[in-house]
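Two complexes come next, and they have one chain in common, subunit A, joined by subunit B in the first and subunit C in the second.
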Partner chain A sequence: MKSIINDIKTRFEISDIVKQRDNFNFLTCKKEQTVSLITHLKNIEGFSHFVLLTAVDWIEEGKFQLTYILNNPDKKIDIGIRTFIERETATMDSAHHLWEHVATYQRELKEMFGIDFPGSPRVDESFILEGWDDIPPYRRDFDTKKYSEETFFPREGRTTNDPTEYMKKKLYPDEEK
Partner chain B sequence: MKKNNNNIFNWQADRSKYPELDKNGKPIVDLASHKYTKIWQGPNHPGVTGNMSLELTLSGDEIVDAKTHVGYLHRGFEKLMERRIYFKGLATSIRMCVPEADSNEYVYSSCVEDLANIEVPEMALWLRTLALEMARLQVLLRTVPGQASTLSLGLGGQWGMYIRDLILDRFEELTGGRVYHMFIIPGGVRGLLPDGFKKRMEENLKEVDEFVEKIEDLIYSNSIFKKRTVGVGVIDPSWVSKYGIVGPNARAAGFKRDVRKDYPYLKYNELDFEVFTATDSDIYTRNQIRKQDLITTVDLIRQILAKMPDKGELRAKTPNVLHWEIEKGETYQRSESSRGEYGMYMVSDGSKYPRRINLRGPSYTHAVSLLEKMLINANIADVHSIMVSLQTCPPEIER
Partner chain C sequence: MSDINNNTNNKEDKFLAEENKKRTVIGPDGIEFEIDPLKDYFCDQKPEVRDPKNKVVEKFINWARAESLWVLGFGTGCGSIEIPPLLTPRFDAARFGVQMRATPRQSSVIIISGYLAVKTLKRVIRSYEQMQSPKYVLALGSCTINGGMYYDSYNTINRLDYYMPVDVYVAGCMPRPEALLAGFNKLKERIKAGRAEGANEYAEKFDWYKANQKKIIKDWNMPDYNW
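== the complex of A and B ==
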């Protein structure tokens, strides 16, 4: 693992290397070099299993963190690659040409976080949400409670009660006054 | 269409005329030509596994294009967990795959423990291993004979459900719940084995042994089952990396991959078991691999019950769970569910709430990109058995 990290250090601009476990490292790569790094790890270092791609919304810093986790099934090691993109523009190079299922992850990220991956197959088709017209729901500034209250008809039995007061009223109705 | 040897199971479609393929190899489908039919299988259909649907384009009985549609079950769990304290998030996490909720409990708890540097006591590790294997057993008791039910051989499936119910009785005894257990919690587990549990479990395991013996004749020697599953729904070994295939689906294609062996966790490195592989990679072989997993699981439960201590500490000391703040960090934890690698990525930001949780379930790839690929050229009658053979679980796709 150490030799792989040392090797990619010489080829790519990587930083914030964190050894999570003996066989698992996280590192940060520049946005422009990320897909090249992933390609290098897949083709040269044997990281043939693409585990996941997801995003973290660091709204305070105006950034999205994209995390790619790759696995080398022969050496039984993993690498987590972080890359940061601007929240405002939210565009990233597509990696769908490397593994077929990457396109699904990218399609979900477009829908849920509004991160675009130009050229990725069916990236603009809705995946989980249909007819969604609000901001992408997994962004931190999307308020699920407010959305539910505005969108859905309030149903009976959904009132919130203070348990002490509620039980008091129910068990000792006469004592209330 | 042409038929070979007048045998309906051997016919092959004449693809020389249509559909025409574009330069990317995609079929050009003109519905107005009346050569094609578009049908939806699901979301409420006995021939799909759970709440998802397939948009199928057919030429006769043969599928020329398939698209998976999900979203019928989206409850935004990952988002909801960002608004719940770490301890409360556990109750949400288990709902991300209903049939095997214990894998969720384990990966969630193990992420929290890794981020908070908590060491789980020995006794809890054994009990966790037991709970995970019991979960695998009850799922396989449904899935293995359930494959025959997709071909209308319902007896095996119903028999399996009865035996599964006995395992759920043991779960109820151990955890208080039948489907959702919340037995594995951040820091450890909730309780010890009840008195007489080992004896009752052994009685149930004997029934499982007998069941496994009998399904050999009932299912695997059945000529219809063989006709409909041998050579059908084949996964090309070259697809395993390309589509991120894991678990029994990868093992049936010749790849010896099992998280329990490759990245030993809990007490698996102290247990003696083999990872079985095969090469035919069709529905029949995948089912055989799962049957072998079932036998292995029964053996593992016996080993765990024999090796585990009777008493011990159940839970590591954690801060007050209502005010538990975990310093900034990130982790990925995986386990081997009955469907394959089941992982969770968790990011903490120093507050009481996780910043981000992402689940990596096997169905995310198996039921979307892989299934869409496998259904091309398949017969409409085989769709259900192909889906079941991939053991898809829609809730883990849309979390």
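== the complex of A and C ==
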């Protein structure tokens, strides 16, 4: 694991290395170099299994964090590649040419976060939300409770009474304070 | 020569198989009509209220209906896990006359077994409308009552009775198969008493139900009513 990371460090600009476990490290990479780093890991270091691609919305910094997790089945080690992209433009290079199923993750991210991956197959088609017309629901500025109340005919809750006030009114209706 | 150039139909049909081409056929009763095999044919006539004339016979028929509930094999959410044990010897729903059926046309009960995403609601509406009346809806779990733990979700509905008439609610999160059996017994009582008129209610308040459904389902790409 160490030798792989040291080798990557000489070839790419790695800014932050977090050791999760002995066989699992997270690296942070620049946006432009990410896809080439993944290609390098797949073709030369033997990380042949793509585990997942996910996103985190850092709304305060105005960034999306993308995490690619790769697995090396022979050496039984994992590596996570983190990269930050601008929240305003939200565009990232597609990696669907490396593994076919990356396109599905990218389609989901396009729908749920609004992150665009130009050139990825079927990325503009609706995936789970059919006919969604609001801002993407996984963005943190999307108010899901407000949306639900406006859209889904909420059932009004039960009414509760303060016991002291309620009994006072019931037992002594004439007494006023 | 000019015929070949002007005939645009011929160009479009060049790669079509013979049986998929539009043609005129003569029915067994001698009436000629045109069919287009690539077109979807739906009966989109509005549902009608069924008003039985003979109340005594209706009472007998209702008894028969109640004793043989055929359930559509359709599961949404976590409640679909509760249905398989219901049919196995431990709970044995067959002794109540409850059986699963594969298609909407064969079944009289639809179980909405938990939360309903908008995408699923679309499929549920189509299945419900294709069932033959009289049809009954059994709603499981708190999700169908008020949204349950998904009350603030962007993608699950809060209350089912805005989209289709519900006969029996079974509360719980998730209700056990015993509760489901109690729900079936309640439904039987309702049918025998002649109070399970969900299909008629749907026909009466059809416009209201359709307006609610269309408010939720943004890309409405199916006929208004299909059966």
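Odds and ends about this structure:
Criterion: the second predicted complex is superposed on the first by the 155 of 177 C-alpha atoms of A that agree within 3 Å, B and C clash if a C-alpha of one lies under 4 Å from a C-alpha of the other, contacts with A are read in each partner's own complex, and residues count from 1 in each chain.
Here is the rule we go by: contacts are C-beta pairs under 8 Å (C-beta built on N, C-alpha and C of every residue); 3 or more make two chains touch, one makes a residue touch a chain.
Source: prediction; values computed, not measured.
Looking at the shared chain after the overlay, A:Asp133 reaches subunit C, while subunit B stays out of its contact range. In the superposed model, A:Ile69 makes contact with subunit B only, not with subunit C. Shared-chain residue A:Phe26: touches subunit B; no touch with subunit C. Looking at the shared chain after the overlay, A:Thr144 reaches both subunit B and subunit C.
Of the two partner chains placed around the shared chain by superposition, neither subunit B nor subunit C is touched by A:Glu165. Of the two partner chains placed by the overlay, only subunit C lies in contact with A:Phe152; subunit B stays clear of it.
Touched residues of subunit A, counted separately for subunit B and subunit C, are more numerous for B. The intersection of subunit A residues touching subunit B with those touching subunit C, taken from the two complexes, comprises 126, 128-130, 137, 142, 144. Touching subunit C in their complex are the following residues of subunit A: 126, 128-134, 137, 142, 144-145, 147-149, 151-155. Contact residues on subunit B toward subunit A in their complex (touch as defined above): 70-71, 74, 76, 78-80, 82-83, 114, 241-244, 255, 257, 262-263, 330-332, 341, 343, 345, 347, 355-356, 358, 360, 364-365, 368-370, 373, 398. Interface residues of subunit A facing subunit B in the complex, by the touch rule stated above, are 20, 23-24, 26, 48-52, 54-57, 65, 67, 69, 73, 76, 78, 80, 99-101, 103-104, 126-130, 137-138, 140, 142, 144.
Looking at the complex, you find that subunit C touches subunit A at residues 117-119, 122, 145-147, 151-159, 162, 212, 215-219.
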